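In the two complexes below, chain A is the common chain; its partner is chain B in one and chain C in the other.
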Partner chain A sequence: MISTAVKKTFRYLSSFALIVSLNFALPRLMPGDPVKNLIGEDVYVSDLVIEELRAELGLNRPLLEQFLAYIQALLRFDLGYSYHLHSPVAEVLQERIGWTLLFVGVSVGLGAGLGVFLGAYAGWKPETKLSRGLSCGFILLSCTPPYFLALLFLGIFAFKLGLFPFKGFYDTLTLGSIASHLFLPVSVLALFSASRNFLILRGSVIQEKEELYALYARAKGLYEREILFRHVVKNASLPIITLLALDFGFLFSGALFIEIVFSLNGMGTLIYDAIIGKDYPVLQGAFLLIALAVLIANILADFLYAVVDPRVRRPA
Partner chain B sequence: MQHNLKKVLIGILILLILNASLGAGAPSSSGAEAKAGIGNETPKVQGPEFQSKGEISEGILAYMQAVYLGAALRPPDEATLSKAASAYLLQLEKTKGSVLKIATPNTVKSASLFGDYSLGIFAHLSNPPLMKMDANGKLVGQLVDCYEVSENNTRWTFYLKDELYWSDGKKVSPKDAEFTIRYYGKKTPSARWINDTLKSSSFSEAENSVTFKFNKPYTRINLEFATYNLLPAHIWEKIEEPQKYIHEGSYVGCGPYFLKRIELKAGKLVFERNPYWRGPMPAFECVEIHFYSNLDVATLALENGEVDTYYKYASSYPYPNIEQLKKTEKFDFLEKTNVGLIFLGFNLKKAPLSDRAFREALSYALNYEELVALETLGYGEVANRGFVPPSMEYYKETEKLKYNPAKARELMKKAGYEDRNENGILENKEGDDLRLTLLVRQDSARTAELLSEYLEEIGLEIEVKNVDQDTWFTLKDDYKYDLTVTRSTPWGMLMHASWGSGYFDSRRSGKGVLHTLEDPAFLQLCDELLATTDSAELEKSAHALQAYYAENLPAIPLYWNRVVTPFNRDFEGWAADPLYGIYNLETFVEVRKK
Partner chain C sequence: MNSLLDVKKLKVGFEGAKPVNVISEVSFSIQKGENLALVGESGCGKSIIAHAILRLLAPEARIEGSILFKGRELLKLSEKEMAKLRGNELAIIFQNASHALNPVYSIGRQLAEPLRIHQKSGKTDATKKVLKALAQLGFSSPEKYLKFYPSWGSGGMNQRFLIASSTILEPELLIADEPSKGLDPARIKEVERELWVLGKEAKSSLLLISHDLGFVRRLADKIAVLYSGEIVELAKTSVFFKQPRHPYSQGLLGSLPENGFVPIPGLAPALCESPSGCRFHPRCPFQKEKCLREHPELKAREERAVRCFLWA
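What follows is the complex of A and B.
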């Protein structure tokens, strides 16, 4: 048991070390010069000024030296300073993550709840008209490009019906304003998340309900609802846990297309702009955060597997 | 006695009404304001034609000084004054709560006035630069009445307008102008040239002027000073690192509006009327700039009346979306020929594009009419060989570019490029097949397809290299291409010796420039333009430069397009200049509801 824990800890720590190194290397492997990006296209500056700027950003130092400085800063919990946003990366991330978690987190949560509930029903009674209708609807949704669906929602609910605003997180910082601004992006994302969860759980429940334990439960005289939600869904939910662990990274990386359509300043646009502007510190910070989130989610998923499925706890 | 009491009461009443109507944010007239009124021999008081608080308060002060202090002024009569005040108050009341909303894809990403490129442009409304470009492309004073330059072009003196006030009530002084220019020079890399070449600067309160002395001749200072936002020295001198100064508002400004709030999460900037603005009163209490990351959504917002107009620096409203707006019959369109353009650039350092005859032949291979139809959807025209569009100052009429593939093939043959082995591809003078690399960025992919089709039609084999922006910069700077499609912004056309010269001069470097032309005749023309501020000489050299372009074709403009700006039909008074389009003070002062 202890050796398994040690092995797992070692595995996660080595993954983290690899991630940190890749975070440093990947932005620098991209073509382009952050200093020239910073200056702009139509501006003429002397080579001396360019070199001064490069020195100021520490980009004139050898790569190994830059890497060591990056590690040292990380050990001090310093994520650096954004070239383009002119703020400490930690502050930038903190600000963006709060809002991203709000709209993506709520969407993923709603999507999981809706997908699991409806997927379980559709898997349990696949022959009903409602189940078939739901399956068709969610298949259609999962095949629709998110960008198109977001524009469609915006066109109908904001433009035609005038029920919701077009853009931004709010007009005035009030709960009502935030709710009305986030209703459409959250709905679109939640539907996408739900469609994936629905299809997976439906298939899983169809498979599980044929197992002997389900027959046994029925023979014991349990109600259908109890068999489904106390026994079948529990076993059928393992793939959903994996999916949610993967979605955890998505929580932090934002939903770029949705952010673009609804003009939201989330993590998606932050990372996109940092890639375009070669803002190395922002990229390093954002990737590190996403990687950490995925690592933690995987640890949690490992733990949840053991809770949900006793076979995982049992020694081999 | 009774008459005097009546006068006192009227005076006090008007002052009280004014003060109350302008709200708590508007402090009472400072000493500086009063002084400005006293200094005038005949105050600008013309009854109902008062247009700003400043003018009325000056009138009232003059009136009271004449009545109570016996000042030798010609005061306005009581009736005129009270009529003017009530007209002003009525106008103020009428515009209360009115907002002009502008949609833009130029998203502000950071609340740093110095660090964010888009915010710097939008701040022209609150902190206008000293100079501006008028509708005809001529540089004229914006915050200055006039300027003068020494004969050797090293000393520039700018005379500030007298009626400028910051939104905190302080008078704009020549010290602010001196501070601004020095501050930019010290604190921003793109303006480091100021710091490196400014020998001395001084200002005169008496003349309300500021003088800059450079250690070498500069002839384009008037253009450069059309870009730097004027800053209040009493605020910014306390800020050591302006780029790191993140502040969501408000910012003290001296334009008709000041920047009240930067609301990044709500996706907007809010400008409010400057209570100390003394020019014509703007018709709106607020101006809001709304950021849209998606142009289709911006179009929907326009259609829905969420916003009144659209603005993107150096760009038109997307041509494919114009029809959609036209159908609503709610919009009119302001059209202006773009100073910037899309052009086919050549690697002049490498054969065969270094050969003038080859370029001449190639110029007949392109179907310009089709390019105009497909790329601008009719909002453009076939360009002239002289490259420079007609919206630029000192434009010279040159021959129009013509499409004639037969002539292109004939000229190729004459220049020694022919298909001797009859494999369908022209050979160069050494007998090798002409395989050319057309380097483009992703946004020019469609144009590249058209161009390669045209060029293949005359027997050239084209390899289109479609790369991301950074790879384009690298390959372009390493001269690893034959042809490239790129665009110039209005500022790009004006930089260096102007008229697009900055893109070609081999002595320059920079992200967007090609730096391929080292012909002494061209460099000489650039130097001549850089050495003079005399308009006659400038005109002569500018014409010679356009004639050079037409003769030598260092690049081929693919078309001249128009910048189209949609605006709500209920509004009137829009004005556009070639540098910043509709985003200029004229627009914000003149635009009003019909």
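What follows is the complex of A and C.
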């Protein structure tokens, strides 16, 4: 028991170390002068300033020293300075990530709920017209890139029908305003996430309902849907935990595109602007943060399995 | 006298690309407090009969005939009415206990479930009864098992959990499908005692399905021998063991270790392709020409019924 915990911790720590090292190495492996890259091509600075900056960033020192300095900075939550935004990267990220996490969190939650519920129904009664229709619809959705769906929704519901605002997280910082602004982007991401959960759960329920415990639940006197919701769904939902963890990075990147379409000032637009403006410190910081988020999602999934599936843990 | 369970001319078939008949005209009855055993080799249709009585067969199963339980025709009940009987008055113990229990719910919760479904019991009340049931099945500190999960225990433990779950409401008819399968002798004794106690104290009747003839002999009042989807001999246990009449029954007893371990030659036919004439003729040491062509009827005489031309 203790040894597996140690093993797991070691595994997570080593992936974290790998992420950090990659994050250190990538900008240094890129072609061109890192200092020029750091400042960006659209900003003019004299050679003297560049040399000063090089010394200040320690880029003229040996690689190992640079690495140690980088780690030290990380420990102080210092992710560098964005010359484009004229503020420390950590501050910029802190400001943006909250919104994106709200957006992604609500969407993934809704998507999981919707996907599990409808997927369970479709797997329980796969022959009905409704569940065939649902399956077709969700397969279509899962094949559609989220940014395309976002454009479609924006075109139909915001421009044509005028039901929702076009852009931004809010006009005034009230719950109503945030909700109406987030409705479309959340719907798009939730539907996309639901489509993936739906397909997994449908297959999973089709498989699980043939298990003997489902028949025994019937023999105990449970009636139809009670068997599904009291016995089958929990077993069938276990793969969803893995899917959510694995999908987190994927959904996150989808969210970034959706943010750009809806002009939401979250991580997506930040990264987009950073790419356009070659703002490497911001990109580096964003990469680290997202990688960390995916890592945490995986740790949570690991932990969650031990809680919900007794086969993963041993008796106390 | 009204029987508790009266099965008449039960026929079971499965639809499909090639429809098959697996059970043909099986009739038997069980009185209140009486134990009947269905014996026969694997694949002769014992479990199908059990599942047909509880209407647990897959939707493509065709069931004909009549199954009267306390005078009610089970084959005509709606699924909802059936659900009210199942687990309550009519319960079953499945063969494969480790798979019959739900892997992600605790034993305490699963054992309490029949109480909560049928008696709408509260949590504390249900827990009390669960602890009592566990204690009765030989678990010395039952509290330990409330938060226990099927994957943590052995097959034998799960078998006893399953028996506790199926008998917790003291059903009037308990169908036990191979309850002794995969258990070591000490555990079989415990299961046997529990089933016996249930019959004596709760006045439950038992439909015992087994190929463990020793187990059957100690528990059953009557024995029905099944071969290739039909009953070939039906008799009181004492009468049957003293002198089995059907060649197949004789073969079964002869294959017991204490009777010399002589196996019946040949293999049991698959349910979907039963031989013509008497279904046992390819393996029968006494076969005559008539047995190849004609199908014998089940004929009752002197406390027993036998399906054989030698008996007629």
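Miscellaneous remarks
Convention: the second predicted complex is superposed on the first by the 261 of 316 C-alpha atoms of A that agree within 3 Å, B and C clash if a C-alpha of one lies under 4 Å from a C-alpha of the other, contacts with A are read in each partner's own complex, and residues count from 1 in each chain.
Operating definition for what follows: contacts are C-beta pairs under 8 Å (C-beta built on N, C-alpha and C of every residue); 3 or more make two chains touch, one makes a residue touch a chain.
Just so it is clear, the structure is predicted and the values come from calculations on it, not from any experiment.
Comparing chain B with chain C, more residues of chain A are touched by B.
In the superposition on chain A, A:Asn235 makes contact with chain C only, while chain B stays out of contact range.
Within the superposed three-chain model, A:Ile39 lies in touch with chain B and out of touch with chain C [touch as defined at top]. Judged by the touch definition given at the top, the superposed model places A:Thr269 against chain B, while chain C stays out of reach. By the touch criterion stated above, A:Leu151 is placed in contact with chain B alone, chain C being left untouched. In the overlay built on the shared chain, the residue A:Gly98 is in contact with neither chain B nor chain C. Contact with chain C, but none with chain B, is seen for A:Val308 once the two complexes are overlaid on the shared chain.
Contact with neither chain B nor chain C is seen for A:Gly133 once the two complexes are overlaid on the shared chain.
When the two complexes are overlaid on their common chain A, residue A:Leu222 makes contact with chain C while staying clear of chain B. When the two complexes are laid over each other on chain A, chain A has no residue in contact with both chain B and chain C. Residues 107, 109-110, 112, 115-117, 189-190, 192-193, 196, 243-244, 246, 264-268, 290-294, 296-297, 300-301, 303-304, 306, 468-471, 473-474, 489, 491-492, 495-496, 502, 508-513 of chain B touch chain A in their complex.
Interface residues of chain C, counted against chain A in their complex, comprise 54, 56, 79-80, 83-88, 91-92, 94, 96, 99-106, 113-114, 117-118, 148-149, 151-152, 162, 165-166. Here chain A touches chain B in the complex through residues 30-33, 36-47, 49, 52-53, 84-87, 99, 151, 154-155, 158-159, 162, 166-173, 259-263, 265, 269, 273, 276, 278, going by the rule given at the top. Remark: chain A residues 211-213, 215-224, 231, 234-235, 238, 308-311, 314-315 touch chain C in the complex.
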